[in-house]
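Okay, so subunit A shows up in both of these, paired with subunit B first and subunit C after.
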Partner chain A sequence: MTGWVGRPITRFEDDALLRGAGHFTADLPAEAYLRFVRSPVAAGIIDGCIAPDGVMMITDTDLASVPPIKPIIRKFGYVPIAQPVLARGVVRYTGEPVAAVIGQTEEQAEDFADLVSLNITPAPVCVTAEAAMAPGAPVIHPGMADNIVVQTALTTPGYESANAKAAHRVVTKIRSHRQAALPMETRAAHAAFDAATGRVTLTCTAQMPHLMHRAITAMLGMAADELRVIAPDFGQKMSLAAEYVVLVWAALRLRTSIAWVEDRRDNLMASFHARDIAIEVEGAFDNEGRFLALRGDITANVGAYAPYPNTAAVEPLMSFTELPGPYDIGEYSCAARGVITNTCCSAPYRGVARPAITLAMERLLDMAAMQLGMEPAEIRRRNLIRIFPHTTPTGLVYDNAAYVETMEMALLAADVPGFRARQHAARARGVYLGLGMSSFCERTGYGSAAFAARGMDIQPGWEHVDMTLDGDGVVTARIGASPHGQGLRTTLAQIIADAVGVVPANVRVVHGDTDHTPFGWGTFASRSLVISGGASLIAARKIRERLLQQAASYLEAADADIDLRDGYASVTGTDRRVSIAVLAQVHGGFADDGFYDPLGTFSNATHIAMVAVDIETCMVRVERFIVAEDAGRLINPMIVDGQIHGGVAQGIANALLEEVIYDETGNILTISLADFLAPTAHEIPAMTILHRETIADATMTGAKGLGEGGTIGAPAAVLNAINDALAPLKVTINEMPATPARLHAALRGTK
Partner chain B sequence: MKLHVNGRDYDIAVEARRTLADALRKDCGLTGTHIGCEHGVCGACTVIMDGAAVRACLIFAVQAEGAVIRTVEGLAAGGLHVIQQEFVAHHGLQCGFCTPGFLMLAVAAREAEPDLTDAEILDVLSANLCRCTGYQNIVKAVSASARRMRET
Partner chain C sequence: MKPCAFIYHRPSGLPEALALLAAHAPTGGRVLAGGQSLVPMMAYRMAQPSHLIDINHIATLQGAAMQNGALVIGTTTRHAAFKTGICPGPLGAMLGFVSSHIAHGPIRNRGTFGGSLANADPASEWCLVMVTLGGRVMLQHASGTRMVAAGDFFTGVMATALADDEMLTEAHLPWGQGDQWGFYEISRRAGDYALAMCLVVYRLDNGLMRDVRLGIGGAEATPRRLAAAEAILAGQAPTGPNFIQAADAAAAMLKPMTDHNVTALFRRDLVRAAVRRALHHSLNHE
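Right, the complex of A and B next:
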């Protein structure tokens, strides 16, 4: 008999959201509103910051006792850098918060902010990584020898000799320009002081409410019980926002409720950025196109500060560790560095570094295929890993999977020969069609061991679930994780329903409130369903065991003959049954918990994009998009497809449209949605999604994480497709986004 | 001034510069209308004013006096509206932040033109931004609801 897992049931989250009754932070009214005064320049010394008479303004002087945000890792030569929550004497990027003013309405606070007179003597700036690494470049953080915040290198013992045997050598340089996550809901926070208890309740957009709680209480010297964090919301909010610390401080000081809602300008300018990465890769191949060795050189522009808890090392180190991707590359040599610049802080954004490394590897393979006169699929067939577990040169262990089979599935759906015929015919008419593919594997659902290996001071990883089954037959799971739109309430309910024997509608998932959930880490690294799902399953199975015993004694049968399903315990083959609610009443309820800290599991996918490039307007249209994905057991296929749709859309946007642009003085040019171009329904094609289910041995539920995959594979597939389209013109483009301006520049020489 | 929203009059006092979006959210307590950009691009603030979908962030509240305004809160009459049901069935929402805007956009378009083709629906929906769904399921949900409403 089938259970609830694997069914595309509709979501419990939807009803309230569709009625306009969802809970969003910006909906909460407050007694006072706060507005930040931000630096108009990228670097400089603060000479003065004066508020008009009668306006309450908070500056660094008021926060003298608050320590800076300073996440640490103890490896790879990482130099911990400090970010004062409000600028302390110097500013290091355009948009850095310097002061906060308080008004009775949002409008009044905005007026006050405009009236603040902020004097800054500009200092020399480094906007790009190249500028920041140039000899004589100004050092952005005192105490550092230069602007390199982290660097590491590795050469496997066999690299030199393997590399020397190369029959073919291919080098490519890719550039991923800076991105912004652009959640539709901007950051917002609301801090309310309760005079009766002396506590502050911080409601905020955050993915890690427990960690926010821990960080803010520590920074403000509060007892753990003096702060409650509620986090109902979505996206770009993994890292600690300095703004939230200021808000809680103000609520404590003013003994009132106070709110801050970021506008889109501030969101694009001073929330977190990502993906400003340049990579050079060199592949050494044998005569058959098999990798002998891979060399990589990675430079990430990480901005002016380090995001808490991940540090400024996250993008360069992840690139370094995961560059080889799903391929057996033989020997490896790689160097990576993170460079501080006078730009907004770079932080994890869906896909984290992998869109860039996948672009590097997939461009390399397409260029190698061309050099060897091979179809792109064939060179991948020869290099994709086939034997699992596989240990990579950087020590990652890939669990069981089917990389080649996944790729073949995508190829079959794409009908490559049919496409080639159409492409050929179209070229005769001056129409340039292209097909591009990309394969990747994604490290997901990893626990504390992986974070410990990075040397992080704060080591997230496990999840904890408290579970009760009450006399009304309802299972309540209190989870430390914190979903943000991905439907976790529904998917966890499916897992728990099967394990305990209730219907999903009778599973209540409580999350995102530090008063009502056990400590846990939150949503990031494609982990929530894998780790919180595993912890939920552990707790649910413990309750199930006790329920079976209770049912057996109640129904006077053997444990083994009891079937628990959809709210009833029945004796197999008879009509004797009792509701689980009654069993819980008789027993006085059940309570148990689950703790889960897995090593991690790798999901994988192949993406295929078909594009049409208009060589006059340099506009690229994505006409078809195919995803073949293996994320282990699918708990809810409808939600899985939704995650892929959204991820691919972001990936296509990264490939073609979205870019954060600074001018040479460090002024940011993309601070409205007229300049930072998010895709609409017109730019995103209908997608074909195919699944394999290689059940993960490495996880409790057999599921692998997949929340980020769409974003990882799509850019490389689109860029490869554009290059395929333009191959007759001998034009290559290895930069994303491949905007009309970049394509035009590339094409200009050829016409 | 008075705002007439979802069949009810709201007596509110607002500064001349307060937008309709802010007035609905702060003065009428109708927080279902969301604000994603305040410069007319994202469409999260879309409401229906005298039958047409409008960006409530680009209209001053005082300009809306006397108009018939409908927001997401007025869509369901007890049970969910057909279009809301189809958003559930087709997984047309994830975080739900953009959803009220898309619902009002689609409802206004269908009421103005009951026989929208799928291509026209795509055109209409490309007015608003969603960051979660990749649009595909929103388009499906709106097409399905248009079909259902034609049939009934």
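Right, the complex of A and C next:
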């Protein structure tokens, strides 16, 4: 029996986007436009902020009754820190919003912003984690003893003795430099006050419309009904923007519609950054190259403030919990900390900390393989987990998977012996080719238990779907999750179509509007298809049951003989049938709901990159890229491939190009796309993508999450490939991006 | 990233444009050519012109033709116009090849030859071509015209001999006897400004290199011919060892620009590679 699930149907989302007919927040006309005046320095005391006569300006004084953004974790020594929505007497990073001015056009608002005279007495800055942790460093937030906002450590009871037995010991330090998510659509918001109802409708780019609604109404003392949030979005918007709070405040105060569109400079300077992480790892191996123990030490520079809801702890804690990855590492000892600095705050970006921890583990394994005289694949073969479920030293439970088999698939496609021959021949001509691999597993689709374990005050997890089947034969699913470009509208339609018995085109997915959807947590952590898909399946199956009964009585047959498919109910083996629309009309429609809160599931992949390193110019070309992945059941293979293509492109950029750079005074140097280098089609090779489908029994649909995997695995594969290429020259590089300047310093030995 | 207010003019003839420039230059009026450098600078408010004099609708300023052994290029001739050979022979082929290194397709469709020269980015390919070939530019203002040699025109990073009320109207590109040319550019991504590039032109006389012109761009404040490297090659056979000597000489005499991406040492290494590869390119255009 074939259904819609598993077919590469084209995405319902694409038609409007490809025709240029998509809607964007910035398209909405407004009566007034707002512009933020931002701090030109990384640290200082505000002496004055004065607007010329006639310019309407909002400062912290106006917002005295608005509480700061202050998300909380009740574990891991987390110190809650407060971010006033507009700076309160002190600025803590370059680009921090200090005031907002209002004009009739965007141009005028920017003119006004230029006229504001902002006087700040600069204070000493800490730009790097090292500087912020140095003895005597200025403490950035009052009430803190130092700049460490969160720290945790764990040593398993058997660690010391296992570590002592090591036949080989390998230590390495990796550095993941700061990234920006670089969404095509920057943050944008439009808040419209309706005098008739007294409500504000906030249309904004956000991945969690319901949570934005909850946070903003609480901060501004609004009743829940006084705010409607419409937020379909794409990327970087998992966290509450202080700017949105100001905008809703202004719409309420001015009783008008008011818009803010972040420009590229502000986005690169003052939207959320990510992945400023340093990791030291030490592996203790036996004679055969098997892990006896792993030690990790993780420092994340989390910036000046803590984003809501995830807090400033997400990167160090995720690194700490997930560092061992797909390997059976034996015993574990790890310490992790998050450090406040005078930089823009760090927030979850596709993959979060995992590109960095994967780099650490995969460099460690390659270096161990070299020390033991083994092929990189062989040491992985000996250490990848083979028996499931597997419980890690930090208590994660990996569900059924096939890590070794996935790796072998990738290796076969890469033809490693063939590559080695080419590599050898090329070296003789002074051409340096390299092959690098990386294997990882990715925690996806996790429910509220996982968030409760973090001790977060806000514990996302479940999803809820309201579903109706109407007399026109159309199924409407109202979801709390929020598609943001990943094709969820299409994949949910495929799941629902099979379960109810309609065609996907007759499934409508309503999302991203707090007036029209049940509460849900939104899109993040590779969860939407797994959790919203599971909730959709639960709701659809309930409707199916009732539809079967209705059809059986209508067609005078037994329930068991009814086949529901593509809009019709028919009696198996006969030509008797009735349309589902008619059944729904007779019944007066069907309505049901689904609620799903899974424990989570781990997808996995092996990436292989083949690169050419030009040792004169220090330019790296990625020539081939292979991904073998296992994300359980493929709901739509084309969408899966698309997710991997995009993710790998971001990962290659992370490995070679993209970097947020501050100078030593905390001034940011990468504020345009001429400086923050995004990849183009020229830099990204065609990819070979291979799938395994280990059906996940941990999820309703058998699918595992895969939204972030491409981004997670690619950087380590590229770095390993560069190191493989340069091995004859005895040069290593463990920093990403591996820019030409860094490669040059490594090659010339001039650090 | 919205520009400051400005007044927009669209003259259809050169005298009118020059008159507008004379009138408004003293209070911040500027020429708008392809807008591919000026408009982004206005968006970032690094440029805040009070008046823009759009020269895109002056028909006489567009197009190129050979005159007395030189290619005369109208200032608003687009980068894209060079793609398939703006003139016959090696000059057209060379310009076509070089033009493909400038930015990306959409930018090449708008950006202009003269705009690139007036903008004087140290890494502009057209500036390098002008200096290496010994080109001249015609500068006009409401009451006169002067010709300036490319080597004198570029005075620093994004600085030229243009007076505020002057417009660059033509570029003259001479092409000597030589028909050997080679070009190599190193940039982070396809379409990015060069970190270093080299253009070399010479003729072969019984297998020996003559009239060698070797220029580098993207590495110093302005593009420059490197006499010491040229001297090493002159009268020699075009062989690998000679190329290496010339490349070493180029790297040694460099006054490198540095920034957070490129140290002085790295820039020298890049120039060495660019020079050697441009020389090899001159032997093999595959």
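To be clear about the criterion, the second predicted complex is superposed on the first by the 749 of 751 C-alpha atoms of A that agree within 3 Å, B and C clash if a C-alpha of one lies under 4 Å from a C-alpha of the other, contacts with A are read in each partner's own complex, and residues count from 1 in each chain.
As a convention for this text, contacts are C-beta pairs under 8 Å (C-beta built on N, C-alpha and C of every residue); 3 or more make two chains touch, one makes a residue touch a chain.
The shown structure was predicted, so the numbers you read here are calculated from the model rather than taken from an experiment.
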{"item": "Partner chain(s) touched by A:591 [first = subunit B, second = subunit C, both, neither]", "value": "neither"}
{"item": "Dominant contact partner of subunit A by residue count, subunit C or subunit B", "value": "B"}
{"item": "Which of subunit B and subunit C A:263 touches, first, second, both or neither", "value": "both"}
{"item": "Which of subunit B and subunit C A:453 touches, first, second, both or neither", "value": "neither"}
{"item": "Partner chain(s) touched by A:657 [first = subunit B, second = subunit C, both, neither]", "value": "second"}
{"item": "Touching partner for A:397 - first (subunit B), second (subunit C), both, neither", "value": "neither"}
{"item": "Touched partner set for A:741, first subunit B, second subunit C, both or neither", "value": "second"}
{"item": "Partner chain(s) touched by A:672 [first = subunit B, second = subunit C, both, neither]", "value": "both"}
{"item": "Subunit B versus subunit C as contact partner of A:114, first or second or both or neither", "value": "second"}
{"item": "Which of subunit B and subunit C A:616 touches, first, second, both or neither", "value": "second"}
{"item": "Subunit A positions touched by subunit B in one structure and by subunit C in the second", "value": "106-107, 263-264, 672, 680, 682"}
{"item": "Touch list for subunit A against partner subunit C, complex", "value": "106-107, 110-111, 114, 263-265, 616-619, 657, 661, 663, 669, 672, 677, 679-680, 682-683, 739-741, 744-745, 748, 750"}
{"item": "Contacting residues of subunit A [partner subunit B, same complex]", "value": "10-11, 13-15, 17-22, 24, 26-27, 29, 106-107, 182-186, 233-235, 263-264, 484-487, 638-639, 641-642, 644-650, 672-674, 678, 680-682, 684, 686-687, 710"}
{"item": "Complex contacts: residues of subunit C adjacent to subunit A", "value": "1-5, 44-45, 104, 186, 188-192, 195, 260-263, 265-266, 269-270, 272-273"}
{"item": "Sites on subunit B touched by subunit A in the complex", "value": "15, 17-18, 22, 25-26, 30-39, 41-42, 44, 71-73, 75-76, 80, 84, 87-89, 91, 93-100, 103, 122-123, 125-139"}
